[in-house]
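So the structure is just underneath, and the comments pick up after that.
Chain nomenclature is as follows: A, B, C and D, assigned in order of appearance, with residue numbering initiated at 1 for each chain independently.
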């Protein structure tokens, strides 16, 4: 059972609401003797942190992470001990007043109604567990997951904002940190800036598509059936707030292809190992990694927190109009980029250990 | 851990290779006292069975299911006992000669290479566990899952074949059983027949998109985070052979929408309960079912078993061309329709029990 | 996988070392709308807290628990929300100097050697995760588990100290809180006081047997095989530090009995329900609760922290004598009583929800 | 969740009732490329098979095991493929008439009443899933588990029958196969023969204690807390039918010891590795294996199937006397010996893979 836990051998359990005293997670199953530091984890959290440009929520969330367990001081800094690593972030900006007017209102597109229907109560402040704040702990856990994966590089980028996709011929990883969108296409980033300013000023919001790529993944991770690597990536990415679609490699485009066009042909490489001549498969065949880059994309819906009034109802059955004031992201897909990277890292770390458990080596 | 098991409270463990003596599954956690029969399960298997038209593989797989445990004779037929239900299908058409020429060849687009790299050996006959034959057990288990869900209807349809999508304005569930494609649009079905005949005669293959819909699902199934209903649906559908993408409701189209356009507004219904005025969300908000129809789609890649030679290598490093003769589906997406329905049923049955466990009622 | 998690639907994940900044746990799967308070949890923690008599370690551990998540303010106090409940206790008495002399020494009977062999490093301060301090979180989680179980009473008692067993004919629950041993037999308690003073003054230690009893458990919890209620109780109790044996009902004494003597005969009760005329089974038949009191016992070994030097070795292979100074319990079995109660409560809460999930009602 | 599954990485799921067409199991997570054969598995099944002496039930259960999946023909016989291994045994001696007179009767000491109360129905023939016949699949799965453990020897013996314990100074493993009791003490075996003949002729039954020992287990298996090796052994052994108590090493006797007497002192061995001078701990310290022999014992209650009438009730509330005719074991503990060995093997195989997953090597 996994209502608040993700993973099997590398397991992440998160807890906390955005308006409680703290949020946290427990990372269990991490191998011992890995170097680790709060600073490294913090660096990933800072990528996700709101308020870094005018395009993300202006909530102040310093998101300072503390390691509370599972480490010991080694000769060159902290080392993991193989026991559970507890991470915690204090909540410092709990202006619950912002939400007071929505206490018994069901905001359209939010989990308010379903939450109430399921649990029979809810904490109206900040959406309870449905708050995107929880994703901070995913990013923190992902930073640890990366440590488990020797020689693997995991990166993400925003490849579509609203209806505007990047031009893949202009893809540059260097560009990703040069704009507030994690956009790998400088020209697209420039036009998105104008587009998103418009969205923001109207109090509207827009969706996006994020792509995450893992390079250096060894061949053999995953399993033919219910431990498929792509299945667990789909599960991981779909578990992120506001995600409505996940695809691997060609994804939905594969539906329109013929078998000839979709085949990744093979030849022997100069090192005597098989090489693939293309990567339509996105690095996974039959649920098992091929050694090629693993490529996944996910669609993030536009946030429902908008200024335009939308029709809704209250818990007591009154018909109302809801308009969400407050400090919200006009494009939540932006901050989903480091979250997507983290979830991919967690899946790969888990499968790395699962593979080693069954097969050895 | 779940390399061959799907689900938590309603659990399906499958076993068997297409060329061994039998395949089977164990359905564990089923509530007791549900009426059940081999005939009902067989009816769903027959939908998936190959060889029913010229558009699916001509392999003969009678797929006669036997219930070996977990039932007792009641006054009006078999009843589940609450203990594990073992289902088994004998393999009768094991013409392994068909595969003899590919014993050490890695077929492009198949799991041959990754399987070998992972396990250090493989059974070349029929792809081992990667064979789509395993999906028969999903369909059988799905038939039992439907029993767990009172008042829920789960149906599927093919909504795109190759580049050709249906016209949704012509959607008719009645049409689905009138053509060999599970196509809800009669005109599309007619044109697909011509298209697929061409694909088949060329020895080529084509991808497809399947849509599965569950109606009558109560509000409240799922959880805000790692037990999200959409997350588990994504996991379930991506675990089906050849699936490369999954989406819920608007799916990837949501990326292009504004918050205004994507919002599902609410009003009070005549029965005093909230009603949604649209279903962009596909029946799930914040990971929890809304009571609206649950709508999911998945993309199926074209099979790699084609007559056109593709470059590849052998296990010993020889460069070869591979051409797959044999009896293969030109569009494996067709037979994925009952499989998708079954996986959706299994996810919903599992969450139905999980919800009842935590919340009661 | 469950290296630091216990339970399935009611799940407890603990974290923390005795000499880190804090210890904590996450209780996941708790039903919503249960009244809960820090004070109630604290009351159980206070029973376990050291330093309450001269017979337990004089370490100062105020063990003040905080609830960090999973609750909301209701009309009459806190209510659970159905989301993860994070509990945390700050560590205030981390006198690590006490342990400085044993940094690379393997204390006989402790986990020092096995820990080092497994993980390749260890935190010598306080035994890392093997510290009995972790049991505080079990007691805290157990306090929440009790809330899940309507009408169930769970109590424990020390029934043997060293070679000295109680006289069961003198059993009085009222007596349990009248002595520092949770002993239900006043005469035994008096003699134990003299016995344990001797043990303590010699710097020695002694083992003990704890009995835990749950009354009011409904018939039907458990399962015939790997979800046997007694199996999970055995797992729960054996997971407590220093426990070396577990038994249910007659336990090992059943080996010496005949079928006639061990049978629990049945008759119809005045309320028209079956009643058992004895309870050799300890409230569990075929892995399923009978409705009678559930009776389990566990043996706690004497702590290895003693003043008498014992032969051992260091991590670097030096042969040494180890003598454990410090503030240790002469009979760790005493403080195991509330821990055993808590673990029994956790198992029962888990099975209560599991039963409800599969069977309903 | 694990109602019918045991283990995490090495997982065994059993199914089937004694009076259905077959029983079986699925062994999942087994490493690939292990040599395996039906004959090897059969050899262990034959140890458990009834009817081999006058002291076990005369039911005819040939227990011929078939491997249905998860293997491939290698150069020197079958090899595991790393995919699920399905094992099956046809039920051939289903004389259900023997049980017809107990259809709605609750046999005292059996699971009849609790089964009915839990599931609302039951198959009166042979006890459904509570039948000891299920243990055949444990033995079969245990035979595979042994393959996973290089250099480990797992053996068991009956050390007490009724009130009569063996003399440990006469322990000889060679003796175990020389008598129908798996007794390591020839003198005890001789006296047990007389004792058990008496029990059998009276139509009575007697309890027993089984000891299982694993030698060659590497140091480091297990975990400090909820993955304790002793915890999982307790769970495994308590899951066997009729078991009422489990102990490790000194077990309950440890309660009476002082810390001085219970300590296992250490010295450096001639090979430069630490050696223990005694094994009170039974090979496990802090939940982790020490490298010493792992020693566990479990108590088996006398079967309730006896000729002496016992008072009971029927499902409809009638008060009756129950007398169990039929072919039953007077001492079910005898046939529990190979079952206990198998469960210990399964636990160790699981922990071997879990350790390798987290730690490598």
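In this section, a contact is a pair of C-beta atoms (placed from the backbone, for glycine too) under 8 Å apart; a residue touches a chain by one contact, two chains touch by 3 or more.
Since this is a predicted model, take the numbers as computed values, not measurements.
Enquirer: Which chains lie in contact with each of chain B and chain C?
Expert: A, D
Enquirer: What is the chain whose Cα centroid lies farthest from the Cα centroid of chain D?
Expert: A
Enquirer: Find the geometric centre of each of chain B and chain D from their Cα atoms only, then give the gap between the two centres in Å, rounded to an integer.
Expert: Measuring from centre to centre gives 39 Å for this pair.
Enquirer: Just how far, in Å, is the C-alpha centre of chain D from the one of chain C?
Expert: 26
Enquirer: Using the average of all C-alpha atoms in each chain as its centre, how far is it in Å between chain A and chain D?
Expert: The answer is 46 Å.
Enquirer: Spell out, as numbers or ranges, the residues of chain D touching 2 or more other chains.
Expert: 1, 3-5, 8-9, 14, 29, 32, 82-83, 118-120, 128-129, 224, 354, 358-359
Enquirer: Help me check something: in the complex, which residues belonging to chain A touch chain D?
Expert: Touching chain D: residues 1, 9, 29-32, 82-83, 224, 353-354, 356-360 of chain A.
Enquirer: Could you pull out which chain B residues touch chain A in their complex?
Expert: Interface residues on the chain B side: 1-6, 8-9, 14, 106, 108-111, 113-115, 117-120, 127-130, 134, 160, 162-163, 199, 204-209, 219-228, 230-235, 237-239, 241, 243-268, 272, 274, 277, 280-282, 284-291, 299-306, 308, 310-313, 317, 319, 333, 354-355, 358-359.
Enquirer: Across the complex, what residues on chain B touch chain D?
Expert: Where chain B meets chain D, its residues are 1, 3-5, 8-9, 11, 13-17, 20-24, 26, 28-29, 32-33, 66, 68-70, 72, 74, 79, 81-86, 118-123, 128-129.
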